[in-house]
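Here come two complexes built around chain A, the first alongside chain B, the second alongside chain C.
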Partner chain A sequence: MNDFISIASQPSVSAAVQFMILLPLLAGLALFCIPEKLRLYKGLITLVVSILTAYQAVIVYGTENLVLCLPGLPGTTQGSELINDACRYITFNLDKLSELVLIFISLFAFLIILYSLIYMREGKVRNYYAYFLITLGCSYGAVLSDNLLLFLIFWGLLGLTLYKLIHGHDEESSATAKKTLILIGASDSIMIIGIALIWRITGSLSISGVSVPTTNILTIIAFLALLTGSFTKAGAFPFHTWVPDYAKDAPASSSAYMPASLDKLLGIYFLARITMNIFELSDGLRLLLLSVGVISIISAVMMALIQHNYKRLLGFHAVSQVGYMILGFGLGSMIGIAAGLFHMVNNAIYKSGLFLSAGCVGYRTGKDEIEDLGGLSKMMPVTFITSLIFAMSISGVPPFNGFASKWMIYQGIIEFGSGAGAANKLWILWLALAVLGSALTLASFIKFIGGIFLSRRKTEFENVKEVPALMWLPLAVLALLCILFGVFATKVVVPRLFMPVSGTFEFPGFWDSSFVSLLVIISLALGFLIYAALNLKKFRREDSFIGGEKMQEQAAYPTPEFYKTFTEFRLLSVIYKKAEEKWFDIYDLSKRFVLWTSHLLSETHAGLLPGYVVWACAGIIIMLMIMI
Partner chain B sequence: MNPLIPLFVIIPLAGAFLIMIIGKFLSGFGRYFTSAILLSLVVFSIYSLFTGSGTLSLYKVGGWEPVNRIPIGIYMVMDGFTVIVLCIINIIGFLSAFYSISYIKRYTSENFYYALFCLMTAGMNGVVLSGDLFNIFVFMEISVIAAYALVAFGVEKNELEATFKYQVLGCLASFMILIGIGFIYWKAKTLNIADIKEVLSSGYDRTYYLVVQILILSGFGLKAAIIPFHAWLPDAHSSAPSPISAMLSGVLIKAVGIYVIIRLFFNMFELSENMSVLITTLGALSMVIGVFLAIGQWDIKRLLAYHSISQMGYVVLSVGAGMILVAQGEKPEIATLAIAGGIFHLVNHAVFKGLLFLNAGAIEYTIGTRDLKEMGGLAKQMPATSATSFIASMSISGIPPFNGFFSKLIIIIACVMAKFYLLAALAVLVSIITLASFLKFQRYAFYNKTDRGREKTIKEVPFPMLFSMVIMSLLCVLLSLLAIPDIRDTILGPAIDILMDPVKYSTQIIGI
Partner chain C sequence: MIVYWLCFILFLVGLYGVITKRNLIKIAISLSIMEFSTFLFFTLIGFREGGVAPIVDPADPVKTYVDPLPQAMVLTAIVIGLATTAMLMSVIIRLYRKYGTFDIREIKNLKG
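Moving on to the complex of A and B:
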């Protein structure tokens, strides 16, 4: 991929790279020393740091591909003797992909910190800002690292901060925190094997310098080990199970920051690295990626349909959307990669937006369940409109950005179908399931919007007010991005941002996002004209349409009730029941196995001394028998 | 002649007597005196670490010079490996002793405690410094008998039962070791390690020495609690007062178990591939079975004790993998890496396991229980304990940037490089389960709901306890620096050199 790697020590770029990684880390460590009472000032410091690093990210954007190695300790001109050798491990890689991801990391960090200033005023999480900054520094570090071991260190630290950004104050949230770190930490440990295998096979640890064909069993294991890390971070099937729980129990700003934006960016960034740079994929592995992609899409969206807790619903969608990105990278074509990256960015935009608006709703009402809410659209207009935009984006409604990237993925799949491999022959399956997933997403977001903002208003919410400007401003920016990225997708956004990474390609078929948007606007305008031209006083009031269900005598129809139909299909009901019992959760399955083994072994340790002596003697005798 | 060497034994030994005598008249003397003498030993050991720069130095007790290059006196030897173990013994010893200042106030007869503490330290220092088998045995008995008494220090039903088991199995171990030493003396006519190496190098009876090796391995394996000789450890380590648990788990099983096994198998016996495979297998078994036993525990100290078995498994596995490579005579650089990983993990384990036991002690000190189910929400009332135990838990589970991550990383990479894929996979699996069980500890102790009735009464522990915990957690972070190749070579390099080279140890001693 990188044709012109230059081991250069460009002073300005090198300084910017060090600055971006070290400043947030050091500032984060310093924030531990400031007492929690001065929380607002900690927030402001964090804001300043995020602006400074964002500025650096903008500066390095557009530099040529280069690999930097640090000459000695940062800050000193000459490395001391002891540290010289370590510099072989501290190498950074700047290319189009990392520059792209850096920009978006900075953007999300800035918007979410702005939101947190008000949202986290109560101090729900101790040392929130310190962990926030450490996360930021580590994300930059992970994206910039060229050495796999250095990458692993930053990557592992991110799991730690994720654990600390959740407030374990009761049974459920502590269990979630534990589950999250176990899954993330387990995947990091598995990645060590992959990295060690790469080191053994190629003798190099450089991301930009190796290219491993996946032909024998060892390289395939190495690939799968690294894939596990990427999937767990991004939250793809079957390692996704921490995401919905985290979304439910963590503060909304934490969920928006890590699982919704940064973890997605990083997980997919690493997926891009391993599929594009480190490994050359074989046909079988492509088939695997595509299958995992569609399974993620469908299984998660089916689970999202039956959720009652709106944050958990968003968590399942965070998993489902990853499926599309994996599809894009599974295709491996230029349009596939560009679509995968585009969808990654789009998803981060609308998903963090959704989490933040969920946070706004929670902030004003204190309710978690969709049943308990309703009719907030009039009280919280900005939140409502931005949520609507995000919901339409995620469901793939033109002209918003979610449609643009999904459309590119569909185009990629159709193009992929002309190939000869086994995976190519199944293109119609991938396409059908991807489109189905999109439709189901729309279905579940009607519940989200309808249940929270529309439907009948409860009396207890009469006095709910719109959130403060600092909280809705990030939402507005994200919503604007949703529209801009959707409308100008084909003309500006994809060619400028994503084609440098994937390579230049022509869009197959006739599709121009601006033109499509124009058509949408024209049709809306026409509709309005017709509505205005006819007598607008002449309409009738009807009771709410309830999807063809039988009207019953109950006074209120909580929106989630409509979705019960899904759970009542015969086959689905069995699957849903097993899913509730956590039969598909890799965490719970392995937990059961481990505890069962543990129980079995502890049975033998009854505390009887004669038994212990017999073991020791038996041990010696067996050793003697084997050896002699 | 290095005059510092005998001080490591003499100072604590004399300290133990002084405490008993002066402590009679001056209450509280032992309390501060123990910390003071251990602090001086810390200074000496760190001084030796940085000035010795890998050379081997000797102290011939009584000045008995060798006759015809055959050593006749008692030799005390300090080389690269010794000095590392000395550092951890004395640093952990000092911090535990300092911690005890507050912790042990609850018990009666403090003087006995501190005297035994000094004796135990003297014994451990003696074991690692001894250049001959008999003194290793004697010093081992000194430290272990002091440990028997310290385990029973609470004199309750549980403690007495635990110490009884410990003594019975400990005697079995001593018996096997003594028989093994006797067998060696019978054939080799000498007890000096370097001299035995010289004798063995001119040919020996393989089967005879195989039996000896197995006797020695099982004897010291019992002291090191390698499966299947581990059964005494969970009882003994969980019943002792917490600073003693920290010493037992953090240091004792290493100094009188792992250290001796490594020293004898590398520097005295000729490495054979079969024996190395056996040792590696035992290590892998301990690692896997230990962790499965640990995760089911609800008593914090039992949980920690079982993890000691598992973590010692890592050390044995890694060093054993290095042994196999050395025995095969292939890939010396990978063997170096494996042994470095093992020793690095040994040092790390001393620090984080010591810290975890001190944390457990702090929790027991404030709320009076070791049962995880009865705790909850302690993070708010005990922020420092919570933070330090979090660091220690993350270290032992191998999460960056703490020391445990780097040693496990080196171990796993070395296993993969040496093509021991199964071992690498097991190491990863065990690391994951370790993480799970320590997050269980974090969750039930520091997260979850606070017990309302208790909320007001809980306070952070007093300064001496805090100080020890904070220093150890700093060490957990700082030891990560050993992962940097050049620093690793400077500190661990001499130890690895002396172990890797089959004749360096003996020729240097005989030659001096």
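Moving on to the complex of A and C:
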């Protein structure tokens, strides 16, 4: 174990750490006692708690690297033998990475709770606020804890709250909740194996004190086991399958809170920990990470293209964006790690924003399918503009933040190509697939924006109004963050927030985000001037361009049919068909395997006594043969 | 040594009956045969060649006694075996009332 820094010099920090973890947990437990009818007050309590903890997170930000342990925390008596022993397990680690993640966890919790005050007024999920707070406390705990066992406890509780934050109102959503719980739980148990292996190899469970080179088979298995946990939480291929289903069936605020922001932050946080602190990666594992990254990007975005349910579409994007972060960490260079973290934050910003705006649309219209919607831009202008900003960010359009981080990843890949090694030689492949994924993202968001907000308005939506201010305010804040992070990326955001974590580096290419943003604004203004200067009255009316497809007469603006041709290509059609039959879903595959095995076992139950006697005798004989 | 083998063969006879017979009564009888083969085995272990009953007489000190412990145990076990056989029989009677047959191929609600 490392030597603990004297806590006496930092009483405020240790108090803040204790406060951040315990307050939400206790408040969450207390909320169970308040009846559901006082939902609004529960929401307000949650809001206050989230503000208090966010304040603590801001206080903690910027302190030096610290390892705190239990006897140093206020409120525990010194010298008790029991507490001295517990000290080995209850240790907290504060460094630049965890401080960064803490800030963003608080930010998202605050914004989403603000949104939920209205959105959850009907009480779609029982004890929503209680589980919300427990999730918050556990996330802080998981990020702060230094001991792997303590980390695992918080991590496992998060899986449970994820299950409780979805409302099982019909068979499908209950099945989704079950699937989520089983996938997360299975990955947690695989993580336990990994942690046990680490303990076996090093004799220590401290995240900050361990550094394992991945040279022999045991360490590689430990690494893969921990990687499984991180990938399932973040939702990367092939453990991603709960994310789209969760996005479809959970209330929008739940899916914005867990899979879109907190689970991404935590999963990628843990990925950063295992790739940066716990293990030293070998070349082969880098190759694995990079290939998983690009497979996540491409496979999820291809599935997103053909979705009709807009929440499910967003869910697949939540998977595909994880691929970029994994690419960043797979590179392992300073710029790669900074880019991965930057993309993690950016993705959490725009993806929770997108889920929240999807929630706004659902709140006002009650529709889930893109083809049922259309022409909402006039009715819901704020939602429309913010979703447009989010969509452009996620598709990597400059000057928004998605472009800034993707550009850093591309730079990292190009730089990575100069090294020697199998993974380095393939740099052009990684780069091409990442860029292609970005393009396909844009393509599917044309469907999202076009299908919901543009296109012809349906008569039933004439009376749809903009959502209340408490609901669009979080959206506006997130959209503002998207623009700010994009415009000031190279000058302020990356050097201030991410370089302390990854180490200082120089950008390889010439790119000044503020300057380019200025250029973009100037060109837009020029274009507008030209448009205004020329005569506006003279323009042609044409049919909508729908990618050279045959126009369907019955549909006014057949956005949902976009990219349907994709499914008819020879190779792709086979893959899509298999995907529809859930051949790539690890949950369904293992379900089939388990059912097949149990079928096999039930076949042996003939129900006849002699059969059982023969089995018993054979068992005894085998046991005797082994023991004698 | 040969008597131990004979005990084992008697046990196998019982096992054969349990496995192959379809009549519940016959299975119960086979079980009893297995049971008694083990009793026989235990008492045979305790037997000593030329031994007498272990009643110590100071006037006539005999060198070898038969071991009394297995005998006492087996005596208890016989009583317990009787009780279990009675239990078995009552179960068989219940089964007969329910299914109207002793044939175990007809009684297979355990089937997976």
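What we mean here is this: the second predicted complex is superposed on the first by the 597 of 628 C-alpha atoms of A that agree within 3 Å, B and C clash if a C-alpha of one lies under 4 Å from a C-alpha of the other, contacts with A are read in each partner's own complex, and residues count from 1 in each chain.
One rule holds for everything that comes next: a contact is a pair of C-beta atoms (placed from the backbone, for glycine too) under 8 Å apart; a residue touches a chain by one contact, two chains touch by 3 or more.
This one's a predicted model, so the numbers in the text were calculated from it and none came from an experiment.
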For A:196, decide between first (touching chain B), second (touching chain C), both and neither. first
Considering only the touch criterion stated at the top, classify A:59 as touching first (chain B), second (chain C), both, or neither. neither
Chain A residues touched - chain C or chain B, whichever exceeds: B
Contacts for A:601 in the overlay, against chain B (first) and chain C (second): which applies, first, second, both or neither? both
Which holds for A:473: it touches chain B only (first), chain C only (second), both, or neither? neither
Contacts for A:609 in the overlay, against chain B (first) and chain C (second): which applies, first, second, both or neither? both
Which superposed partner A:287 touches (first chain B, second chain C, both, neither): neither
On chain A, the residue positions that both chain B and chain C contact, one per complex: 601-602, 605, 607, 609, 612-613, 617
Which residues of chain C touch chain A in their complex? 15, 18-20, 27, 104-105, 108-112
Chain A to chain C touching residues, read off their complex: 601-610, 612-614, 617
Touch list for chain A against partner chain B, complex: 81-86, 126, 149, 152-153, 156-157, 159-160, 168-171, 173-175, 177-178, 181-182, 185-186, 188-190, 192-193, 195-197, 199-200, 591, 594-595, 597-599, 601-602, 605, 607, 609, 611-613, 615-620, 623-624, 626-628
In the complex, the residues of chain B that touch chain A are 164-165, 168-169, 172, 176, 207, 210-211, 214-215, 217-218, 221-222, 228-229, 231-232, 234-235, 274-275, 278, 289, 292-296, 377, 379, 394, 397-401, 405, 408-409, 412-413, 415-417, 419, 424-425, 428, 431-433, 435-436, 439-440, 442-443, 446-449, 484-487, 490
